């Protein structure tokens, strides 16, 4: 079994990396990441092979006589292995550059490797115990990584994250147990064959629990609250892994349980998933756009992208319910493709953001600006990521979002009126999302990289190391390739889709993509080519028609006030002010204006403006629950009042109760 | 003699006596009267053991009776007296609730025990009520411990509980193998001594024998 | 013929704008410049020197080309006279909107690149308007697409002839409002003003001059014409040819010219009879349009056509 | 078996005779090592076949062997850890040589009493051992009265509550004896070996009564809520090595033994339901107190209550899977809980406080200790990939297989609450800014002199941590076999 051995060799490489991170000289610890790059390469090769090889299971390693660890290898797992590997491959280069000379670098590298290995474990596990162990290892490793910066904010964020995701895990455990009870097995493969025997109530319960459990990890609204806390404080070489890959393992889990094991479900499953996806996409990006923290912004944007992925999955579920399998395959392909794309461009963006934070020492965009001059490469590559995530043609994000639109639109083929109305509305939500994403990324890129530097931080920033630029360049290159030649990524997607729906992906790729039943066609290759040619033609035309002309470099137009400075620039907060006003029902903004006068009311000394939006779910859902819990617990604490007599009383009462009810 | 004992169900009489001495604790106000009641209670218990010995004709029970008298009837009361003197405590036992209520609840406890042990339990031996009475004694002693403030009343309550326990042990099963009985007795003696030591320590460390002060550890 | 469609749009788009301006002037009782004035303007700008702010980066210089290329590329898959498209470029309404978004994205970046408040203001408002318009436009187009069973513009125009149902009327109304907003016309934006506090599109291109400005303006004309074309393609596809080649193009050409003129007059009428509204009243207008589009969809599904 | 029981007594005497504060710890360790070696053979023998001694007064089968092995493990670990712990106490003047002699003497007596409990065949003998553990450990808790008044309070509550509890257990024993003697006569009617043979013939009504008293009695000693109240006080005030030995497995061992005798006559559902109820109450109460706990030692002891509850729950759910889970849980706790008390002892020594708010940044100032503490905390919180998760999952699976969804839901809910509570407590201590909030002196790494004692102490802690991690992935074959042998011995197949 060459494949199996490749997997083992890959895992061994990553393990070596973990060991090396603790044993290498502290100056050379950043090179321990190279182990993970070799490991990722091996995993990439083996994962790619899995896509086109028959599924097989590895040997089970007994934990106790009741459970065993086991790994199984099929196309769905293969796809996610490839997804993880691509990101981690490049990320390991990035990490080499980023973590040079960093304090506690060994610790960082160790848990990085552990996180990576556990993610591979999750997607390859063949039974529920293995899955849970890998799943929680992943959570624990990410906890250690989040608290890497030794400060109270990180500690809080770490705790919040690990608790939130653990609550999700509790739901996963519950659904696994229900599954195991009714199928009589703990192996996913056996569960799949026995899935028909599960009563419908239990099926619904499993579905809901899966949505909550995996949704917590994926960050669907309103279970997303940990994401904007955890990502910003995690080290910059970890955030890409968490955002690009870790939340995809949640998507994997959901697919494995709800689509693979359970199979087709009632209509409302798909509709609910579309609705949840749409809500996550719109609200996620609405919250993102208000952020002036570079990493928090990207974190919320992950929430949004998970929403888009879920919309595709939901569409696939509705099609499967009405036995329209080719359409189900198509919608699922859109979702998986978007998952892959998101992994690419989001890790590119987080790497770029990491480089900026590394160079400038602040995450606050309001203190950045003009970085494109100091960090030309990082800036250009960040722009590439920005274009991809904004789904602008001809990059990869556009293709997968286009497919998602088509998948949603194909909902009109459904026989159900609800699906017919919900699907196009999902499409409208996607359009809304796309427009807000554009606004958000214009704001972020422009505030960070364009205009004048807003603080010393931005003035002093310097270009990142070649390792980091190399990693980002490769990712940006892939974003472009996957967009211009979508046939390549779809080759990775289609076997995974087939393994779930059992119906091959009906997507004509000759010359242009044609959706099932020829409802639409798109050729990004030709589009890209024509964009380039037209631009060239325009340059040529302008030269010919205008002749050679002078270009004068001067100050920006300043309305006659001399010395335009960086304080007069449009800020990120100002940029999104219209949205804050338009969507005030959602943001519930608080506005604070302090004016101090020299001579009231004519001469103003200073104006301080503070505006913040209300984090709705935290304020009105999480905090009351937590407060209630603490209040109740504090009241119950009186039971242990310190009085020995009271304790003796408990014994007496217990005994009497047992005597009365027990005998 | 055996016949006489059986005819007049002397065991029942003695066990009811034990119950009554336990119930009277509810009415007593001073720690000295507790010790006195305990002494009577222990002698009654020893008597009961002796009676059982006669009935089943087991010689080791006589020894058990003698041991009981020696430890519970003589040794422990002496130890307690000494502790009382060393601690120089106020003699009131300062209950949390009034004596009347205390008595009433004790009555309820006895009723609960009788009610819950009605069905299902097949009682043989010389007394139909020995088990019920012993459980009642144990619960009443526990109740005394709960409602009195002083450290020493705790010790007294525990001692009464043990007597109730022995009542059950001897009236139901006519005692255990001697070595076991010795072990149990020894253990209990040790326990009481150590409790006494702690009671003295509490008085010394907290400058009070009231258990109200011992509520620092909580939550 | 299909190869020529691109050039029809590129070449005639300034003319459409000229017509609108002329009609508007007439309606307002002015003589106004000639319909060819936009061509003169472009030519004049191309021949001027440029002044570029020292704050700007390469984004500023790239943007005019990106904007021009993106809108022009869209012209490749929009049927003008015939439903055949050139060079194998395939795209649909969704691609169209996203290709436009590419241009808008760079435009907004360029607006912020010079570090002035006006550019930022323009970018901010432009993106906000896009947020309000895009879902509504998408929903309106979906209604048409569902009727035709396709999102390809050519298929939609091939599938049905003229306004055939109430849902289409609703969708059309929504789409017209969307186009007013997209092309930056009253009541959403005023293309003729440079008053700081009200401008949107002009704010973003405030720093541009010379050939860059020429490209920007031209791109804007092209975008406007493409949007007009899409409307007539989808809702009044009368006279459009289904074949390639030059034979039989007279009818399509004439009908197209008529349709363009009518739309231009309509635009001018709207602009002349409406006042520009306050920016924060836009959500209610565009929200109303969204409701129209939604009604269109529901009507379509409920009525089955 | 008698030799094994004698060794700790001899060690206790030897320790009491040693006058040097430097060597006394090693004498104790030597005695402990001899004990472990001697007991290892006994344990191996009893795993193969039941061993009897002293006219069947002493008896060991697989289950006793298993529990004895676990007890020896944590006692050994505590003996090792005590060396450095007491050295530190001695150097800081918290204890004198008299106190040390008393400590080690009592420590080994404590070990003896624990071993007596598992080696006894006779119920009453076992009870004697149990009462003796209470007395000895109360003295260990209250050691050094003058300097620690709170220890007196804790010891007092401990001894009163446990004595009361254990009195009920004796009543239960009497009732059992009564029920058995009516079947087999008075001879040897108190021996496990006899009782388990006639278990099905006993009067169910009587046995129900016996079980109730037994459960309340030994439940008090084991720390099952709602009669657990002594445990947080005692464990937070006792010296750390002693906290690690409390409440130990003695009482739970007794409950398991009784279960095997009672359930054949009363039916599994009676005993099972009672244990499930006790288990759930324990888990729930512990979870609530963990969430609002501001003292980390108390937090740990509530975690003990929780884990006792989980074990009771597993046994209550029953079936081979439930028993397996509980027994495995016992093993997991044998490593995790003492480890946590050891590390928190070190943290306490360093920060001089058991208040969570006064401790911060442990991970930065003491990385190794921080790592071990956190692994222990995660294990106690029931998180994979650590050993306790495996056993908890086994119990959950047992519940699911029996369709006990309500039980499952309550357990999962409170387990999540516990997870939150434990991690929020220890997260605050371990991570975050070192030094800034913890007052003077903590920024500087304390100069702890490296002695043999500290090396040994750290060594045993590392070994325990390693076991926690390794057994999160695989349980060694022999342990698996042993547990299954235990299940067979308890008749739960």
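We just call them A, B, C and D in the order they show up, numbering each chain from 1.
In the analysis below, contacts are C-beta pairs under 8 Å (C-beta built on N, C-alpha and C of every residue); 3 or more make two chains touch, one makes a residue touch a chain.
All values reported here derive from a predicted model rather than from experimental measurement.
Engineer: Quick one: point me to the chain whose Cα centre is farthest from that of subunit B.
Structural biologist: C
Engineer: Counting only C-beta pairs in contact, which pair of chains has the most of them?
Structural biologist: A-C
Engineer: So the centre of each chain is just the mean of its C-alpha atoms; given that, what is the distance between subunit A and subunit D in Å?
Structural biologist: The answer is 43 Å.
Engineer: Can you check how far apart subunit A and subunit C are, centre to centre, with Cα atoms defining each centre and the answer in Å?
Structural biologist: 35
Engineer: Just curious, how far off is subunit D from subunit B if you go by their C-alpha centres, in Å?
Structural biologist: Distance between chain centres, rounded to whole Å: 31 Å.
Engineer: Cα centroid separation between subunit A and subunit B, in whole Å?
Structural biologist: 69
Engineer: Can you pull out the residues of subunit B that are in contact with at least two other chains?
Structural biologist: 117, 119-121, 142, 145, 154, 214, 216-217, 219
Engineer: Touching at least two other chains at once: which residues of subunit A meet that condition?
Structural biologist: 637, 640, 644, 646, 648, 651, 655, 659, 663
Engineer: By the touch rule stated above, which residues of subunit D touch at least two different other chains?
Structural biologist: Within subunit D, the residues that touch at least two other chains are 156-157, 160, 164, 168, 205, 208-209, 232, 289, 292.
Engineer: Can you give me every chain pair that touches, using the contact definition above?
Structural biologist: Every pair of chains meeting the touch criterion: A-B, A-C, A-D, B-D.
Engineer: Which residues of subunit B touch subunit A in their complex?
Structural biologist: Within the complex, subunit B contacts subunit A at residues 96, 109, 112-113, 115-117, 119-121, 139, 142-143, 145-149, 154, 211-212, 214-219.
Engineer: Looking at the complex, which residues from subunit A come into contact with subunit D?
Structural biologist: Residues in contact with subunit D: 61-67, 69, 107, 129, 132-137, 139-140, 147, 150-152, 154-155, 158-159, 162-163, 166-167, 170, 173-174, 177-178, 180-181, 629-630, 632-634, 636-637, 639-640, 644, 646-648, 650-651, 653-655, 658-659, 662-663.
Engineer: Residue numbers of subunit D touching subunit B in their complex, please.
Structural biologist: Its residues touching subunit B are 122, 124-125, 127-128, 131-132, 134-135, 138-139, 142, 145-146, 149-150, 152-157, 159-160, 163-164, 167-168, 170-171, 174-175, 177-178, 181-182, 186, 190, 203-206, 208-209, 232-233, 236-237, 289, 292-295, 298.
Engineer: Touching residues of subunit B toward subunit D in the complex: what are they?
Structural biologist: 117, 119-122, 124, 131, 134-135, 138, 142, 145, 151, 154, 158, 161-162, 165, 168-169, 172-174, 176-177, 180, 183-184, 187-188, 190-191, 194-195, 198-199, 201-202, 205-206, 214, 216-217, 219
Engineer: If we count contacts the way the header does, which residues on subunit A are in touch with subunit C in the complex?
Structural biologist: It comes out as residues 369-370, 372-373, 379, 383, 387, 390-393, 398, 401-402, 405-406, 409, 412, 417, 420-421, 424-425, 427-432, 434-436, 438-439, 441-443, 445-447, 449-452, 511-513, 517-523, 526-527, 530-532, 534-535, 538-539, 542, 545-547, 549-559, 564, 566, 568-570, 574-579, 581-582.
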